[in-house]
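Look at the two complexes coming up: chain A is in both, with chain B in one and chain C in the other.
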Partner chain A sequence: MINTIAYGLTIGGILYIISIGLSLTFGTMRIVNFAHGLIYTIGAYLLITTLPIFKNNFIIGALFTVLAVIPISYVIERFIIRKLYGVSIDYAIIATYAVVLIGIDLIKWIWGASPIPLSDPIGIDITLFSVTIPLYRLMIIVLSLIIFVTLTIFFKKTMIGKIVIAALEDKDAVRSLGINVDKYFSYVFIIGSCLAALGGVLYAPITSVHPYMGMMVLLISFAVVLVGGLGNIKGTFVSAFILGLVMAITGRFWGPAAETMVFIVMGIVLIFKPIEV
Partner chain B sequence: MIAQLRKNILDLIIITAGFFAVLPIFGINRATDFIIFCIFVLGFNLLYGYMGRLSFGHMLYLGIGAYTITLFAEHVSKNPFLALIASILAGALIGVIIGPIVVRTTGACFALINLAFNQVGYFLALVALSRWTGGEDGMSAYFNKIALFDFGKKPVIFGFCLFSLLFTFFILKRLLSSPYGILIKSIKENEIRVKFLGYNTFKYKWIAFIISTTISSFAGALSILNYGYVTPSFIDPTRAVEVIFATLIGGAGSLYGALIGGVLYMAISNYLASYLSRWEMFLGFALLIIVFRFRKGVWGYVKDKFAIKAHGMVR
Partner chain C sequence: MLSVENLNVSYGHAKVLHDVSLKVSNGEMVFIAGRNGAGKTTLLKTIAGFLKPDTGSVIFEDKKINGMLPEKVAHLGIRYVFQDKRVFSNLTVKENLEIAAYPVKENIKDAIDKVIGIYPKIEKFLNMRAGSLSGGQRQILLIGRALIGKPKLLLIDEPTEGLAAGTINDILNVLVKMKGNISLVIVEQNLSVVGMLADRVYMMKEGKILKEMTEKDEITNKENLEKYL
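== the complex of A and B ==
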């Protein structure tokens, strides 16, 4: 059981890292960004390609991947997302979905459609409370906590963070202070995309890498965002870990139902707490 | 009803003539496919084009119809008409059950909750209920011959589907020109004002949702009558983009737009996909072009051109 909880916390940590970017773009720009899942997939593929170059040094590979995603996400932001501000939300969904279609086809073109397995980069198991857990998973939990603390400080202490938080509350008021809100939104978008790529990098050794891996994760991240509240940084953190645990515990009893259970929880939450967008 | 029918007879003749015109180009098999897909697009368009609610999980309702008719034929009766009625009822039932949850939301939440439900349905069909649905392999459906209606024969199924399409079109046309239809369109424009006027918008949105799921389910059932075989691809949420694309390319919010979009999409996907290996990429770029440059779709474009000519003015 402790093993299951540890697994749930690992998934929760990765889910948090992925969904925080989604939650921020959703909360600030009111744009549902399907391309987030694509960035996640690209992250995993870039890691696989660059690992042999960096002599299988996982940390450098991960860092390179996270940085390499910046230009990609900038292009998506500049040419697609920025043109969709204030337009009907349906067009944003369709346009970002179109980006996903193009991206997945490109991935299939470059890397092929068959799944690629990746081994645990640390490969050491540690024993805690008489249960053996791979060290890698513990590292993910620690990393997600570090990211949570860093982001909280970022949004409380730095100027960019404060502007974004203010824009989450009232975009027009911030704009009337003479601040170019869109510029800060693109920062948020790029940070979110980097975190999505990091999520892909971290999740790649746990599952196999394939072109459609982003879609399912994206849906679960949306569930995390909707349960935690749009643009709510703390709420996203809590709901990511709760839904991670839900997935792990369901998966322990009946493997294939793990993801479906997340949507059932989301449905129940939305019945009692509908969201107006 | 009859007087109304006489009013709309021109529409029905145009549609019939249109499908008979494409019949020699595409062959009877594909033309039947096109008609069924058009019914599905009509059902989706009622929600998206007229009420302004984009559903990203409409495959669920198509799949419900497809699985209901198959299971009904397998376990209850091989009468195709009873099975059709059962699947229509099932489509309505799913709308009644999940409608109250879904229609309270708008925009992105509406799209995503539909998608989530679709994911649950896909899981049920593929894994959880695979003992009954045949899982990934799917299952075949056999229907008895009733009088003239032998659905194994292609002209019969073509005729029946065309009749179904005309019937759906007629019902929707009547519905949309009624006060109720105007109310739905006003909900798209500004729901709060409709509420101010004293209407219980929840009820009307729910009814529109039920009609849409029923039509989609009907389309799913018809495609099983046509193919005789159901697979999880009928309920696969990743295929939701097909109907969205069809609606957009034809022009959302018009019945003819839905028909044109359905036929165009099916023609593109049937023929282009065999020439173009990177078919998904083409679809992606086409969607981007539509969203940024061509929002009104083919029918909207044609209508604009025609209006300019008729009034002799250039905007």
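== the complex of A and C ==
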């Protein structure tokens, strides 16, 4: 059971890393961004492609991947997302879903459709309090905590962070003070995309890399965001770990129900806590 | 310094402003009054760049500004204080001021001093969450925030709306301190306030300017103002 919890925390950590970007784009730009799942997939593919180049140094491969996503997400933000400001939310869904479909086809064309496995980059198990878990998974949990603390400080202490917090609440008031809010929103979008790619990188060794890997993760991420509150940095963190645990524990008793259970929990939460937009 | 000429503004197909014209001279305190739904907010939002007019123009210091983005309009020295009295409630009072000081590169100390200048009590609240302020304090924070960076024209939308009588006095004091130092366009339904402070009054009804008044005895006569409501 403790093993299951450790696994749940790993999933929670990855879910947090992926969902925070989705939550912030939702909260700031009011846009449902399906392309977020594609960035996650691209992250995983960039990693397996560049690993041999970097002599299988996972950290350098991960760093390269996260940086390589900056121009990709810049293009998506500048030429697609920015065109969707203020238009009806279904257009955003259709447009970003189109990006996903094109992206998946491109991936199949470049890398093929069959899943590509990747081995654990550390390959060491450690025993803590009589539980043996792969060190790699422990590192993921620690990394997600570091990212949470860093983002919290970023949004509390930096000017960019404060402007985004203010704009989450009242975008027009920020504009009326002479601040070009869209510029700050694109920073947030790019940071969120880099984290999505990092999520793909981190999850690749745990499952396998395939063109559709982003789709299921995206749906679960939506659940995390809805439970945690749109644009809520702390809420997303808590909800990611809770839903990660829900997945792991359900999966232990009945594998096929793991993901369904996430949506059941989401449904229950939404009954008691309506979405605040 | 500001001249609005034959402005026509619509929301979708619903035309809300019909040939509205007004002007503001340097240092003048101009009031706009009129019943709910007359189009006062629509007028201010159009000047501030949040709405684009169908026809007509907004000229600020000899420059046509209609069609400019709100953040550009702000850079020219116009600030709009919204009607809804929403502060950045998750930030502290000081951080609210920081956000205003940032785009105009004003030192935060100077910015704080400026707000203390119009409302000394704010010093005690600087590190409090802005969301915990009372309605009147919020309104003063909003006005103070808008004063940062030496703006030339302030547009304030119903500053005393929904406030208790005592609090309205605080707001009046703030407005009196600003009078003459900066040009102001204030939407206000409280005609005593209008009578006390206005240099020029526009009465609006159903999207039109019904009457413009500049004579002191016209403005201070409440019955006279009420005729145009």
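Keep this in mind: the second predicted complex is superposed on the first by the 275 of 277 C-alpha atoms of A that agree within 3 Å, B and C clash if a C-alpha of one lies under 4 Å from a C-alpha of the other, contacts with A are read in each partner's own complex, and residues count from 1 in each chain.
Just so we're on the same page, a residue touches a chain if its C-beta (ideal position, glycine included) is under 8 Å from a C-beta of that chain, and two chains touch if they have at least 3 such contacts.
Since we're looking at a predicted model, the values are computed, not measured.
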After aligning the two structures on chain A, examine chain B and chain C and state clash or fit.
-> fit
Would you check which partner chain A:263 touches, where first means chain B only, second means chain C only, and both and neither mean what they say?
-> first
Please indicate which partner A:101 is in contact with in the superposed arrangement: first for chain B, second for chain C, both, or neither.
-> first
When both complexes are superposed, which of chain B and chain C contacts more residues belonging to chain A?
-> B
Once the structures are superposed on A, label A:234 by its partner contacts, choosing first (chain B), second (chain C), both or neither.
-> neither
If you stack the two complexes on chain A, which partner ends up touching A:178: first (chain B), second (chain C), both, or neither?
-> second
After lining up the shared chain so the two structures overlap, which partner does A:159 touch, if you call chain B first and chain C second: first, second, both or neither?
-> second
Is A:170 contacted by the first partner chain B, the second partner chain C, both or neither?
-> second
Once both complexes sit on top of each other, what is the least C-alpha distance from chain B to chain C, rounded to whole angstrom?
-> 11
Touching residues on chain B, where the partner in the complex is chain A = 48, 52, 54, 56, 101, 104-109, 111-113, 115-117, 119-120, 123, 127-128, 238, 241, 244, 248, 278-281, 283-288, 290-292, 295
The residues of chain C that touch chain A in their complex are 48, 50, 69-71, 74-75, 79-82, 86, 88-91, 95-96, 98-100, 102-104, 145-146, 149
Would you pull the chain A residues touching chain B in the complex into a rising list?
-> 26, 30, 32, 80, 83, 89-91, 93-95, 97-106, 109, 212, 215, 219, 222-223, 226, 256-257, 259-260, 263-264, 266-267, 270-271, 274-277
Residue numbers on chain A that touch chain C, as the complex places them | 159, 162-163, 165-166, 168-170, 172-181
